[in-house]
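In this document, chain identifiers A, B, C and D correspond to the written order of the chains, with residue numbering beginning at 1 in each.
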Amino acid sequence: MRTSPTPIRRALAAAAGAAMALGLLAACGSDGESGGDADTAEDFDFSCPERTDGEPAADAARNDSQPFVFGTPGDPTSLDPILASDGETFRVNRQVFDTLLDADCTDTVPGLAESYEQNEEGTEWTFHLREGVTFHDGQALDGAAVCKNFERWANFKAGYQSPNFTYYYSSVFGGFAENDPAMGIEAESIYKGCAADGLDVTISLSKYTSSFPGAFTLESLSIISPASIDAVADAAIPTADSPLPEYTQTVGTLAGTGPYKLESWDHSSQEVVLTRNDEYFGEPAKVKTVIFKTISDETARRQALEAGDIHGYDLAAPADAQSLLDAGYQVPVRGVFNLLYLAYTQSHAPLEDHAVREALSYAIDRERIVNSVLPAGGMVATQFMPPSLEGYSEDVATYDYDAEKAKQMLADAGAEDLSITFCYPTDVTRPYMPAPKDIFDMISSDLQAAGVTVEAKPITWVDYIPTTRSGECPLYLLGWTGDFADPYNFLGTWFATESTEWGFDNQEVFDAIATANTEPDQATRVDLWKTANEAVMEELPGLPISSSPPSIAFAPDVYPPDVSPLTREDFSQVYFTTGS
Amino acid sequence: MLRYTVKRLLQLSVALLGLSLLLFAWFKALPGGPENRLLPENATDQQREALRAALGLDEPVWTQYGEFLARIVRLDFGSSLSSGRPIATELAERLPATVELSLAAMLIAVGLGIPLGYLAAKRRGTWVDFSTVSGSLLGTCIPIFFLAAMLKVVFAQELGWLPTTFRLTAGADFTEVTGLRVFDGLITGELDIAWDAVRHLILPAIALSSIPLAVIVRITRASVLDVVGEDYVRTADAKGLKPATVRGRHVMRNAMLPIATIIGLLLGSLFAGAVLTESVFAFGGIGSFVYQATTERDYPALMGFILVIAVFYVVINLIVDLSYGLLDPRVRVRK
Amino acid sequence: MTIAKIEKLDRLIEATATARDARTGSLWRQSIRRMRRSPMAITGAVIVGLFVLVAVVGPWVAPYDPTAQTWGREVFLNRNIFPGPRPENWFGLDHLGRDMFSRMIVGARQTLLVGVVATFIGFIAGAFIGGIAAAAGTFGGRWGERLEAVIMRAVDVALAIPMLLLALSVAALLGPSLRTVMIAVGVAQIPIFARLLRGSMLAQAHSDYVLAAIAIGVPKGRIVVSHILPNSLGPVIVQATLVLATAIIEAAALSYLGLGNPDPGSAEWGTMLADAQRFLSGAPQLAIYPAIGIIVTALGFTLLGEAMRESLDPRLRRQE
Amino acid sequence: MALLEVEDLRVAFGASTAVDGVSFSVPEGKVVGLVGESGCGKSVTSLAIMGLLPKRRNGRPAPVTASRPVTVEAADGGTVAAPTGPPPSATAVAPVLRRRGSGADVSGRAVFDGTDLLSLAPAAMRRRRGKDLAMVFQDPLSSLNPVVPIGRQITEVLERHRGLKGDKASKEAANLLDRVGIPDPTRRLKEYPHQLSGGMRQRVLIAIAVACNPRLLIADEPTTALDVTIQAQILELLKDLVEAEGTALLMITHDLGVVAGICDEVNVLYSGRVVESAPVRELFAAPTHPYTVGLLGSIPRLDLPIHEPLTPIRGSIADVIRWHDGCAFAPRCDRVAAPCVAGEPALVGAVHAHRCVMAEEVA
């Protein structure tokens, strides 16, 4: 999920990003690790915390007269859903466009399709569309309209294929009908074709990957009206660095099916205005006008909420959450769907020695990090994925904080006076890592307590990934926010093959992940992912530190939408209350 | 007068061209490319390479600079890599916010600075002089982001007299002419918008004006002290003119010469402060734009910005030179 | 007429003559005498003196190690729980459970270091460039003048680049740290020093004593070094004092933008303030202590600089 | 009763005394000279009369009967405690005026047509300045405002005191310039001071001074900054104006040639006091005070043989003692004797007065 523009250092780079859950896991996320927040009940459900604020009375007059203003960390970049991959653009497009399937917490639920089924090999996906759904331009939704969208994407030309515009399409489908060599996409597209029959539509793929059916809930793959597709058919993006076509910046060209319609987008005052779509097929939106306004500085966002200039904002700083709660504001807790880890690059001695890696893992007090730095609702991680994903294993190797044991193990491994370089990113904050500097300070202070001398190496974010990926940093902090409920989205991207990023060669881990990723049968796939997790934690390539939800805040007199671990809030549920 | 200014302009534009080449090579040499911001952490190396190649970042610096120059000649600034939007439009949208903020800050600095400077000069050596000068110096000593935040916490949050963020209340519909909200409001007759814009401008302008205020107080004081000692002021007194005439036509008109030049130069220095003030008040000006462009290695945006600032700087220098001629007849006639 | 009478006369003349000499003395002695009487200079000197004292003595006097998170367990960032001043921590704890009082005292040294190093970089490089430009301009003949024009245009343009761009790129190269801030702030001052020194050297170069020196055949190099340079350093030294103040403030601003990263090894007021900015509403004291430190210190240097400028400024001095 | 009666005028700047009890009078329509080396207090006297000296910082105008200025009595033979130092020279006076807390302590009386100017409130004095009495200064190059056209600098006086407005005022200004001998006056009105020569500018200053036909005109070395040929024209102009309007003129100069050329009576000043005053002819014929003799002796005379050596006065203005202890001129006087330093010498004589105890022997 691409970062949205982050004007100032403390602004969070991106929302958690588009994601939906492959709901194969029966219960909505099994009970996570017992750690979690000290003062919450033992059975706190980290994946999808229940809503406890009931149904306050709505202030109808105000809902129609006053716009609901929501502060965002960055501007959206494009109104064409396929041409974007940053959280802020998804937030706006989610209110205006719909996808075939939707996500409720981390479960896949019907969207535009009432129901769906797959064939044995997972290469044929048939969707049964809802009755009587119309686009904002009046056209009716049917199988043909869905196929027109899929065909349009598959046959994208030139700049449309460049990853900085259509990252998600090429990640999910591999490539396009004819890959343009200049855009550097070599993989062959797994999209075979689309067959429409009235309200039924079947998508056929060349091979199954565990991205499906989750991929069908991605905001990028939202369905727009056939007339819109024809209207923009000749728009062109000649090269990767040419500007986005004009239609993506002006309101009114593309018609979606969502609860809101786009009213205006004023770039200079960084303001997007949406109005209620009265012909919506589902529950009509409660507030007539919703405005998204950019405030890049997180402190400024909180002050704007407290002063009443805005009625809600996302990515609240952990330190602000508590003072807002004390002042009567609402900070509903989202489910966790990301992971922060400390990587051990085994190409640097003595990290190739398992005992040393274990010792370091025992030395770090992850409890303190979760309790004092991360937002409420965070938990200490035990493995390289959040609990709500299929294949989350209960019996992986765990390393609870024990400073003495760490010191002892370091001595046994002959690494008493170990000196090691520890990299961390500056000028950025990520949902899984709200305050990199503070987390770094705590970990290095713990390591120093265990006798390890830490040499700090701060690196600017734009250079951080290439440096860490090239194996230059022995220890480094990094993490990931799930795009959609697909274990490969976590384990696959890190441990599918040997890499300089981790510097270890463990064929058992690579095979476990490969087999799990291609197993179409849901039940067997869950066990395969469990074994993969256990194999990874046995190898201990790094120490999973925490999973924590980004905080979202609302004014006291507002009924918040259902918050989602995939930051997929639907603002049509919001309304002004008469205020208790 | 004209010949001298044209010569200086030519020299400056050659230097600016040299500068843009230097900066282009310098930014290209910095580690990390824009593709690392455009793609998420988990994008594969292969995707990163593909994007680098597609963006033409792997070509030698000279060819890239050549392309960039060819574009500039056609006034095509290219598109920003992070937002994918043409830079010319992006700059055009962001510039008015910073210009309006800087002008408001300069208005406060001049409006307060000159009278204070005059007072300090007239009551030289007394505690009034000391407290005025030290008070204005204190303004420069407070880090501007801290001053902006404190002003906001006290006046906007605790007392609620003024709004905390944005240039206008969210959702206010206004007709945009130049992008300067107050000015647009006035000329289109939407006085409520103009007033709303003014209320949003007060706190950030005060924070930003703390830097130029001290300089203007000091320059005015020194300049008035200088002029008061001149013989023609004594002649004016000898004529028995009213004190107001002596102060206005004789003292201040001569004292304004150095002050006018300083005001011109100070406009340039407001930019650094604008970056910080804009972020605290979410003004979305050019300051935050350049910060983001640099952190994301958005080369086209950076180059576009540098050219705008360079032209801005050249224009200010020109205005300062010309205004000198206007204010001081000796310069105008002799050159 | 008896001798006695005349002798009385001489004594009277003698008395009036001595009164007059008291007010002469070299440029520096005169300005120092004048500064002793100006309240601005006194306040400035007192503040700077205190600050330097704390900076020098700091590390030995600090009750705790400023980087040890000894009270880490008692601090909860996400719940704004930061114990305030109490017997063992006079200024309370910072956001990671370190003793704020020790960090303030030890931090003084780092802040002074940032100010001094940045000013030093700006001063040396700026004076060097300005000096060369002025020397070339006055003595270098046609080529000299062209060189001076090129240098000065480059300086004009360098002033146009916002320091922010400079700082961000230096941070990218060397990685954000106090070193980056020092270099960025220092380099940003170079054009200012260069212009200042060139201006005052040119003013000196056209004065009569230089023409006289040329007339009697003193070699050009020596004129520049032993005559022009010493006399034109006055305003540059004043600027150095003022730059010390701005360097400390700029360091805080750059840290706020994420470039002066607080290395765990040392506390520094600018980075402490920038880091505490986010707790301004919840726990303002985290920001207030370093902010007051910076403001008072910067004010001290500025007052001293302004007083020096006033006492050295020939125009104002003429009216003494 | 003369137009202007100055009685025991005293001006002190902090510790140093510039004018140490000057008295003289300026009859109606007459030209009276104030002569002395630079630094003898003549300019300060004129500024004091015009009320142009900045008041003491505490704002109180010096009370009329101020006690004697604070100068510590030097015990006979003891060292002088308060450093009095020589009265600062005219040019040095200007900067001192503005020094912090420097203001002037002015005492004594300057009765102009019956009212004592020194005790007038600043506003009242301002109404008379430029109207009843006016002043022309020494350096024309810096006495005109460089950024305001010449016409405006004249019409503002007409507006202030004679209520003339708009083109009536500029027409009057034009003929004023014509009266002082400036060709093509209407064009000159729009020009700026730097476009005129020194002589022209002095004429403008004179035009400004006489704009409201003042009854007393004070000229502080009006020709010193000009070259000789222009000097004569300016003196001629002043003489005509005085005769035509019957204006009294107080001419302040160090140049005895100017005195001879224009003055009816002369007062010779030394170290802040009048040491001799007499009608012009009598002064040149029979100078009594040794200082006046010295002054006259140091002028090259046409009627003396070429290689006749001039007799300059010994030492400089700095070699001086306080009037309180004796004759201030004693250190430089050839005929100094015991009585000279015995006590304060008095001014004796009516029409031709002098302040020298040894004068009888000289004559």
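Note that in this section a contact is a pair of C-beta atoms (placed from the backbone, for glycine too) under 8 Å apart; a residue touches a chain by one contact, two chains touch by 3 or more.
Per UniProt, the chains are B = Peptide ABC transporter permease; C = ABC transporter permease; D = Dipeptide/oligopeptide/nickel ABC transporter ATP-binding protein.
Predicted model only: the values in this text are computed from it and were never measured.
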Core chain by centroid distance, with centroids computed from Cα atoms only: B
Chain pair with the higher count of C-beta pairs in contact (A-C, B-C): B-C
Whole-Å separation of chain centres (CA-atom averages), subunit B against subunit C (ABC transporter permease): 24
Distance from subunit D to subunit C (ABC transporter permease) - Cα centre to Cα centre, in angstrom: 50
Whole-Å gap separating subunit B and subunit D, where each centre is the average of the chain's CA atoms: 54
For subunit B, residues that touch 2 or more chains besides their own: 31-32, 149, 153, 157, 225, 229, 291, 295
Junction residues of subunit A - those touching two or more other chains: 8-9, 299, 303, 306, 427, 460, 462-463
Touching two or more other chains - residues of subunit D: 95, 98
Touching pairs among all chains present in the structure: A-B, A-C, B-C, B-D, C-D
Interface residues, subunit B side, partner subunit C (ABC transporter permease) - complex: 11-12, 14-16, 18-19, 23, 26-27, 30-32, 130, 133-134, 137-138, 140-146, 149-150, 153, 157, 218, 222, 225-226, 229, 268, 271-272, 275-276, 287, 290-291, 294-295, 302, 306, 309-310, 313, 317
Contact set on subunit D toward subunit B in their complex: 50, 52, 57, 94-95, 98, 100-101, 125-131, 134-135, 137, 139, 142-148, 152, 156-157, 160-161, 192, 194-195, 205, 208
Interface residues, subunit D side, partner subunit C (ABC transporter permease) - complex: 74, 77, 79-80, 83-86, 95, 98-99, 318-322, 325-326, 330-331, 336-338, 341
Complex interface listing, subunit C (ABC transporter permease) residues touching subunit B: 39-40, 43, 149, 153-154, 156-165, 168-169, 172-173, 245-246, 249, 252-253, 256-257, 270, 273-274, 277, 280-281, 284, 287, 291, 294-296, 298-299, 302-303, 306, 313, 315-316, 319
Sites on subunit A touched by subunit B in the complex: 1-3, 5-9, 14, 17, 67, 69, 75, 77-78, 83, 85, 162-165, 167, 170-171, 182-186, 239-244, 248-249, 267-271, 273, 289, 291, 293-297, 299-301, 303-304, 306-307, 309-310, 427, 460-467, 469, 478-480, 489, 493
